[in-house]
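These are the structures, in C-alpha cells.
Here chain A shows up in two complexes: once beside chain B, once beside chain C.
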Partner chain A sequence: MFGFDFSWLGDPLYQSWFMKGLATTLLLSVVAGILSILIGIVGAAILHFRTPFLAPFTVILIDLFRNTPPLVQLFFFYFMLSDVGFSFTDPLTGASMPVFSGFTCVVLSLCTFNGAIAIEIIRSGISSVPSQTVEGARSLGYTRRQVFLTMELPLALRMTVPLMTNNIVSIIKTSAQASLVAVTDITYYATQAMLETFLNIEVMMVLWLIYVAIATIVSLGARAISRAVRIPGYGLVS
Partner chain B sequence: MSRELTHALIGFFGVIAVLGGVFLAAYGGDSLDAVIVLTNRASLLLIGSNSFDSVGGGFLANIGISLASMVVATVLGVSLGGATTAPNPMVRNTAILVVNLMRNSPWLVVLYAMLYLIPFRLSIFGTEYWVSPAAKAVVGLSVPVTAYMSEVFRAGIQSVPDGQWESARALGYRRGAILRRIILPQALPQMIPNIMTTYAMLFIGTSLVVVTGTKDVLSVAKTVIASDGDDYATAVYLFVLLLFFIYCYPIATASRAIEQKIRKAGLHG
Partner chain C sequence: MAEPIPPIVQLTDVRKAFGSVEVLKGISMEVDAGNVVCIIGPSGSGKSTVLRCINGLVSINSGSIRVDTHQVETLRTEKMLVPLRHDVSMVFQQYNLFPHKTVLENVLMAPIQVLKRNPDEVRSLAESLLAKVQLADRGDAYPGQLSGGQQQRVAIVRALAMEPKVMLFDEVTAALDPEMVKEVLGVIRDLANEGMTCILVTHEMRFAEEIADRVYFTDGGIIVEHAPPKQLFHNPEDPRLRAFLDKVL
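And then the complex of A and B:
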C-alpha cells in the first residue's frame, strides 16, 4: 500500500512493546488526570475562600506553571529532585527505589502545568454559578463551606466537563514527553522500534493513529458524561 | 494604577521571587558561583553565541520558530477554518475531520514525524536545498497550531449574528465578499484574545523542538550543562523557566485583559 511496509506490526516483539508502552502512557495519563482534577478542586477552594498566605501563593504558582513549558518543568524536576534522592523500599522485591523516578517527575510536571489550568477551569465554573442560588442557600442557613461543598463545587464540576475534557486530552498528548526522560511510554517504544526497523514513517503513522484514537475515545466518553450531567438551561449543548 | 495591572505586576514579580527563592534554596552558599556560571552562559542561552555580536540560536531561535509557525498556521488555519463553515457538506465534513485529526495529535509525535517525513535535501527545479532542522520544526509546530487557529477563526465567524449574513445576501453580496467585507471586520476584534492565547501556547510548545536538533534554548541548555557540570543543571533550567515566563506571561495577561474588555463592551453595548 503506497509503498509502505507494515509487516513489522505482525512481529510479537513490537506488539508487546506497543502494548507495554500503551499501558505506561495510560497509567501516566490516568494518575496525572486524577491528580490534576484534585489539584484543581483544592486550588479553586483556596482561591474561593481567599485563604490567607495560601491564596496569593497559589495565584503565583498558577502564573508560573501556566506560562512555562511542561518539558522544561520536567527537566527541572528530573534534575533537581534526583539530587534530593529520597528512596523507599519496594515491598515486593525489597529493592530500594528512588521516590523521584522519571515516572514521578513526568506525573509531577503534568500535574503542575495541567493542574494550574484545572484550577482556572473550576474557578470559572464556580464564578458562573448564579448568585441567586448562593444567596438562596445562604438565607436558608447554609454556611459558606456548605454552600461551596454542596452547591458551587458540584455545579461548577458539572458545567465545566467540556473544558476539563480538553485538559485531560492535553495531558494524554503531553505525556509523550515522558520518552525524553527515558520513561518507557509508547513514544519511547516507538522510537526504539524505529531504531530497529528503520521504518520511521510507518512507525510514526501507527503511533500518531494510536494517540488520535485514545484522544478521540476520551473525548467521546467525556461528551457522554457531559450530556448525562448537563444542567438544563446552563452551558452549551454539544 | 488599575487593579488588573497591579495584579499582573504582583504575579510577575511574585513568580520571579519564587524562582529566585528556589535558586537560593538549591545552592545556598554556592549561589554566587551559580550566578557567575549563568552570567557567563547568558549570551549562549539567549542568542546562541558566546558574545553578543552574532546570532546563532538559543532563546532567539525559539522566538523565530514560533513567529514563523504562527504565520504559516494563520494562513493555513484561516483557509481551513473557512472550509469548516463551507456550505458544501463534503468540504465541511472533510475539513472538520482534518481539524480533529490535527488537534488530537501530540505535538512531540508530530515533530518526530516531520523529522522523518521531510527529506534532508529538497530539489526544486534542479536546485538542491538543504532543509534545516529549524524549517522542520516550523512545519511540525504548524500542524497542531493550524487546527487551533482554524477553530479560533470558525468561532470568530460564528460569533457574528446570522442576520448579518442574511442581510448581506439580500443586498446581493457573494459569499466571499460577505466574508471579506462584512463578517471578518466584525469577527477580527473578537478573535484577537484567542489568537494571542494560541500564540502563547505555541511558544510554550517551541520547547519541544529540541528533538529536531535545532539550536534552540533547551538544546543549548543541555550543552551548557554537559560542559559546566550537572551541579548547575538546576540553575540553568531555572533560567530557562524564567525566560519562557518573561516572554509568555505578558501575552497571556494582555489577552485575558482584552477578552474581559470585549465581554464588558458586549454586555453594555
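And then the complex of A and C:
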C-alpha cells in the first residue's frame, strides 16, 4: 500500500516489543497521572490554607518545575541524584547502583512538572467556587477544613475535569522521554524496531497511531466522568 | 414578682471597620425571644454586616454581642463558634445552597456533620420541614433545577433543620421575581407566628410593617431610629428616615 511495508507487524518479536512497551507506557502514565492529581490536591490545600513554611515552599517549587523543561528535570533526577549520593553498592555485584531507577526518575519528573500544573488547575477550581456556597457552609458551623473537604474540593474537582484531562494527556505524551533514560516504553521499542527494520516511516506511523489511540481513550473516559459528575441544573460541565 | 426575661439577642455599641472604612459605628439593639425585628435602611448602611456579626461570620472590633448564653465576640475559633451556629441560623439573599448536593442533602448535611445528630431523626425532621414549605416531592432535585423561590424555601428549611433559637434573614427576597416573593414571605410569616425569633434585613417595607414587633432604621453605620412599625413608618421623627421612606414607599 503506497509502497509502505507493514509486514514486520506480523512478526511476533515486534508484536511482543510493542505490547511490552505499551504496558510500560501505560504503567508510567497511570502512576504519574494518579500521583499528579494527589500532588495537585495536597498542593492546592497547602496554598489554600496558607500553611506556614509549606505554602511559600510550594510556590517556589511550582515556579521551578512549571518553568523548566520536563526533559531537563528528568536528566536532573537521573544523572544528578545518583551523583550527589543517592546511590548504593549492590551487595552481589559490588557495582554502584542509583537509588532511583530510570522508571522512578521518569515518574518523578512527570510528577513534578505535571503535578505543579495540577496544583494550579485545582487552585483555579477552588477559586471559582462561589463565595456564597462557602458562606452558607460557614453559617451552618462548618470549619474551614470541612468547607474545603465537602464544598470547595468536590466542586473544584468537578469543574476542572477538562483541564485535568489535558494534563493527563500531557503526561502520556511526555512519558515518551522515558526512552532517553533507557526505560523500555513504547517509544524505546519503536526506535529499536526502526534500527532493526530500517522502516522508519512505517514504525513511526504505528507509534503515532498508538499514542493517538491512548489519548483518545483517555479523552472519552474523561468525558464519561464529566457526565457522571455533572450537577443537574448547574452550568459546570457542558 | 418574676424576673424580667433578658433579651435573647443583645448588641452593645458594636463597631466594625473593613480596612479604613468604618461600617458599624456603635450599634446597640435588643431582640426579645419570640419577637420579629426588621432592619431597614439604605444600601451600604451596614444592615447585612449587623446580621453577619450576630452569627460570627464577621468578627467585631469593639463592643459586645450576646446571643442567649453565647458571648459572640469571645468566640475566637471555629470550634467555639459551632454552638452559636447551632442556635443562630442564617438565610441569604443568594440562597447559598450547596449546588452539588440534592435538596434533602442540603438540609441534612449540617445537622449530621456539624451537630453530629442521628441521621434518621434529622431525616424525618427534614422531610416534615420540606413538606411544610410544599417541597416534599423535591427532595431529590438539585438546587439548580429549582426556581428561585423554591431554592429560598429550601434555604429556610436548611436553616431550620439546625433547630435554631434565632433566625437571621438577609434580604431574602431581593433576588426573587415578584410572584416568588410572596411564597417566601409566607414561610417567614408562618415562622414568626409560631414564635421563632427572627431578625430580618429587608426592603419589603409593607411586610416589615405587617410582621415586625420592632423596626430599626440604620444609616451610615448607626441606628438612627427604632420603634414599633406603626410609629416608625407613619410617624417618623428623624429627617433621614423620612427622606428614606419617601423614596421607598
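Points to keep in mind about this one:
In this section, the second predicted complex is superposed on the first by the 215 of 238 C-alpha atoms of A that agree within 3 Å, B and C clash if a C-alpha of one lies under 4 Å from a C-alpha of the other, contacts with A are read in each partner's own complex, and residues count from 1 in each chain.
Definition applied: contacts are C-beta pairs under 8 Å (C-beta built on N, C-alpha and C of every residue); 3 or more make two chains touch, one makes a residue touch a chain.
These figures come from a predicted structure and were not determined experimentally.
By the document's definition of touching, of the two partners only chain C reaches A:Thr150; chain B does not.
Residue contacts after overlaying the shared chain place A:Ser226 against neither chain B nor chain C. Of the two partner chains placed by the overlay, only chain C lies in contact with A:Ser139; chain B stays clear of it.
Counted by residues of chain A touched, the larger count belongs to B, out of chain B and chain C.
When the two complexes are overlaid on their common chain A, residue A:Ser36 makes contact with neither chain B nor chain C. Look at A:Thr184: by the touch rule set out above, it reaches neither chain B nor chain C. By the touch criterion given at the top, residues 130, 132-133, 135-144, 146, 150-151, 154-155, 158, 231-236 of chain A touch chain C in their complex. Residues of chain B that touch chain A in their complex: 10-12, 14-15, 17-19, 26, 100-101, 104-110, 112-113, 116-117, 200, 204-208, 210-211, 218, 221, 225, 230, 233-234, 237-238, 240-241, 244-245, 248-249, 252. Here chain C touches chain A in the complex through residues 55, 57, 78-79, 81-82, 85-86, 89-90, 92, 94-100, 109-110, 113-115, 141-146, 155, 158-159, 162, going by the rule given at the top. Residues of chain A touching chain B in their complex: 56, 59-61, 63-64, 66-73, 75-76, 79-80, 83, 169, 172-174, 176-177, 179-180, 187, 191, 194, 200-201, 204-205, 207-208, 211-212, 215-216, 219.
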